[in-house]
Amino acid sequence: MPPDQSQASVHRAAITDRTELAKGVILLGIHAPELVRVTKPGHFLLAIPPSGERCATALGIYEAQAERASILFFVCGSRTRELADLAVSEYLEVAGPLGNGFDLSGQPKNVAIVAGGVGIASVLLPAQRVAEYGGRVQLYYGARTQALLVDAEKFERYGCVLNLATDDGSSGFDGYVTELLAQTEEVPDLILACGPTPMLHAAAKVASRMRVRAQLSLEETFACGVGACWGCVVPISRASAQAPRFPMLSTDGSRSDSVYARVCKEGPVFWADELRW
Amino acid sequence: MPPDQSQASVHRAAITDRTELAKGVILLGIHAPELVRVTKPGHFLLAIPPSGERCATALGIYEAQAERASILFFVCGSRTRELADLAVSEYLEVAGPLGNGFDLSGQPKNVAIVAGGVGIASVLLPAQRVAEYGGRVQLYYGARTQALLVDAEKFERYGCVLNLATDDGSSGFDGYVTELLAQTEEVPDLILACGPTPMLHAAAKVASRMRVRAQLSLEETFACGVGACWGCVVPISRASAQAPRFPMLSTDGSRSDSVYARVCKEGPVFWADELRW
Amino acid sequence: MTVRAGADLSVALGRLHLPLPTIMGSGCYGSGEEYASFIDLENIGAVVLKSVTRMPRLGNPTPRLVQTPSGLLNAIGLQNPGVEWYLEHEVGKFSERPCAIIGSVAGFSVDDYAYVTQRLAARDEIDAIEINISCPNVASDGETFACDPKLTSRVVTLVRDLTDKTLIVKLSPNVTDIAGIAREAEAAGADALAVINTVRGMAIDVDVWQPRLGNRTGGLSGPAIRPIAVLAVYEVACAVKIPIIGQGGIETTTDALEFFLAGASAISIGTANFTDPRVPLQIAHGLERYLLGRKLNALRDIVGKANHGFSGPHQYEGDQG
Amino acid sequence: MTVRAGADLSVALGRLHLPLPTIMGSGCYGSGEEYASFIDLENIGAVVLKSVTRMPRLGNPTPRLVQTPSGLLNAIGLQNPGVEWYLEHEVGKFSERPCAIIGSVAGFSVDDYAYVTQRLAARDEIDAIEINISCPNVASDGETFACDPKLTSRVVTLVRDLTDKTLIVKLSPNVTDIAGIAREAEAAGADALAVINTVRGMAIDVDVWQPRLGNRTGGLSGPAIRPIAVLAVYEVACAVKIPIIGQGGIETTTDALEFFLAGASAISIGTANFTDPRVPLQIAHGLERYLLGRKLNALRDIVGKANHGFSGPHQYEGDQG
């Protein structure tokens, strides 16, 4: 989360590969060398809708290597349906990379990564990064059911230890992935998490009980996605390094302890113990 | 155009075949025996949008034989794009048949059928009908360019004599199909026409010069498509058999010579000499 | 009050009791007959007839319809045969309909409203009267009745005296303060409010440099206006105690629930019928499933539950947990 | 007035001359910096800055955004650092922008508007002032300035006296008679009108029985409101002679043309930037192509051409062919 100076731009990227990892879960590879060059773990991009209708869609950058980046998404509405309709060698325009990613500057040795559902899309790059500097990753990966635990092998290839959970018990631990995390005896040096908001709340609680700091990649409805509209904010501690530095007063003129930071600009990754949500 | 008592209903029809006749011109066969049973030449249907968004789309019934009906459409907006995305064995729901079709009750011997662009979709059934009772059809078929003169062979199979025209001269007569009609020396007993509004205006003029009556299948923006909203009206002579029988007065209280008839209910086929457009 | 198997979806609008809360919007459903081959009319709550005026009307010049993003602009211009012909030739048929029939009255003077209401309400085939006050008043510079609290009050007071049947007043969203108009209508004796009529709009043809509608301006309906309609219902529900018929862009059960939770006791479906005539049935089923899924017995248990200032409708007061 | 190669797209708004008629809507574009990596700001006419108030504001509770059919509901609540901090830390940077910068002023009393306008207008980096009068007036029961002709007149008269820079008044569509408010703003000295701000709306979460926005109500923008906005421009253009900046749901050249033909002299783009930041550029190119295709030299030649009662803007009177 060190305040990156954005090197974002619009990229017209040819689709290099398309895999339906599970029903309604799509992995799209795109040819975007310039994007790859400046992408850091935890960055996201905005997919410009091919038909020109509706807002751009925020998606984590899943892979970023050499000339190819990829996105991984669940088809859940009209925008993702449209992206799912794209075929190899068609073009997708994306704006990015955006946001501030995970902070791995301290090179923590033992990292627990917690991913819920589509949250998996934002945690491959940090897992890779940890492996690169010689750290170890325990991946805690939960989904509704076995079929939706997609692409876990790829994480194994980067040396992650897999800890799987499903809500219906069809694979791995029968229950929430954060419960699985809570049971671990190896206390990690750092926790990174991405997934639905209730999962992030649970992960933050487990982290605080473990006395381990956690970085959470939040999901919010975006309008601009580039920090212009202040629509995607989350309350954080005024003391946070990510808190905007300008004055903010409540309507009654009081100076509250928490202020609003933009998920798309100061985030999407925040320190769990600095959030006031 | 004899006032049919509608036997319309909603049909859930499996798609039996799908052909892209030209770029952006789709022929979809559907399994709809009940629809076929009650369809008459010139009837149309409403395609209920698969995604549930936007108004249903009015489409002529192209073919109707035994268990199979078909629709033929040009992809020109979001609704037709959605229909074009349907694959064989998926389902399409349609409401129909609707409207009053062509009146061939007099069994005219020599019939000229004029079709412009996608207007071709509404004139195969009347051509077939004329062949059935032993009449002869001269088909005047125009399109922007050769590639868009689709499925003409099918009309030949039903014994139609083809007279083709393209705006760019790439096939057949170089110019508008109504100019081609105007040049004919065989004066038909009846003219049927379907196509864009300017073409219909031209066809009506040619018919009146030839002193031949013409039936035009009109296109209008629909809301309900079933006669409920009075949104799709066209002015016609108060004397027309298709004029609604209830009083209509202008705002100033005067009783004008022309009244409004619904394209979706009293039409879409009207006698050219009764229209007041 | 008919209780349906499963959950009670019934609603009372003044004296009118409907087994189902799904009312087909005026001007969108003809007299119901046009849709009878697509949906069993027993499965809808009521049809509001196309608005009728004192004199026959030819309606607006064409085109009368334009599609806009998630919306439909219309300018029909109240084409109708006039109330006399209507009573003589049409109303008799309504007794065959297996759902309630609500007459809709439009006018260009206070007198018009009174005359047409009295004539329509006198007929047994008509179960209730809705007055569509979104018409310009010819006598006062064409100002719309629904935009002026005083005019609203005068019209409603007068028609109220002419019938004991349920009187619904249909409000326009094209006002600064819809809650103020609603209060006037309630005070003047309305039994229920229909919220909202279409939002005024225009589309221009950039090829020919003309408005697309023959009438230049039209009324916007469909999903595009849903957020506007939900807020209008929310605000009116804070202001009055009489029941509200919510409408504007309802296409799905979820959409309908937004309106009930905002404070509507019933809903009206217009434009969505043009997408799929089975929408009213799907919504009735969906509401039932929603209630059963939450172990609730009656739709009225959720009316206004998302409304922090909800004040109506009084016939439900006993149930407010 | 810069003439671009091809066609003249320039526009005069009072003393402010813009080479391009594309203005980025307040609150949607930050100060331009946020978009500078996606589009060359030289290719846009102006940025209207996020509205600034006298005191710092934390803004509304979250969530602040909801997507609706073809629309976006927002309730940011004027989060901003207050005018003092803004002048000290932000305004200085605006001199780097290669496009015009229009300050936006919001307030909760007549005094607020005067104070902030005076402070902002005094700075060279600010080329013009837009006043956003869609805020509730704290001193008068929270009634919105833009909904009351008298309040509008008072605010505009006062701020007019404080600056010679172009003064734009941004009107709310949430009124019975927008043309009446427009006339007041013109009479009180506005140089131009921004038409329209967002339309009030609400969405409800049917799972948790709460309005989706932290602030409950919000403002609807995007294509859903375009027909409403086009009509508002059409009606205001019949009522005033000062130029109009049309806005509400503009995404394409065709959309923009609807506004020019209705009577707008410039357009504003807000929500469409969230779909694709290159939209303003695409529209500028598209307008040029449209004019050249029709052998027209200047955009101003089409202003109001679809408006049967067009009465403005006076600086174009000589050109009305």
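Order of writing sets the labels: A, B, C and D. Residues in every chain begin at 1.
Keep this in mind: a residue touches a chain if its C-beta (ideal position, glycine included) is under 8 Å from a C-beta of that chain, and two chains touch if they have at least 3 such contacts.
Please read these numbers as outputs of a predicted model, since none were measured by experiment.
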Chains touching both chain A and chain B: none
Chain of greatest Cα-centre distance to chain C: A
Chain centre separation in whole Å, for chain D relative to chain B (CA means): 46
Rounded Å distance, chain A centre to chain D centre (Cα mean): 35
Touching two or more other chains - residue numbers and ranges from chain C: 69-70, 223
In chain B, residues with contacts to at least two other chains: 53
In the complex with chain B, residue positions of chain C that touch it: 27-30, 34-35, 37-38, 50, 55-59, 62-67, 70, 72, 74, 76, 79, 81-82, 85, 89, 223, 251-252, 271, 273-278
Chain C to chain D touching residues, read off their complex: 68-71, 73, 147, 174-177, 199-206, 209-211, 216-218, 220, 222-228, 230-231, 234, 249, 254, 257-258, 261-262, 290, 302, 305-306, 308
Touch list for chain A against partner chain D, complex: 6-10, 48-49, 52-56, 93, 95, 220-235, 246-251, 253, 256, 259-260, 265
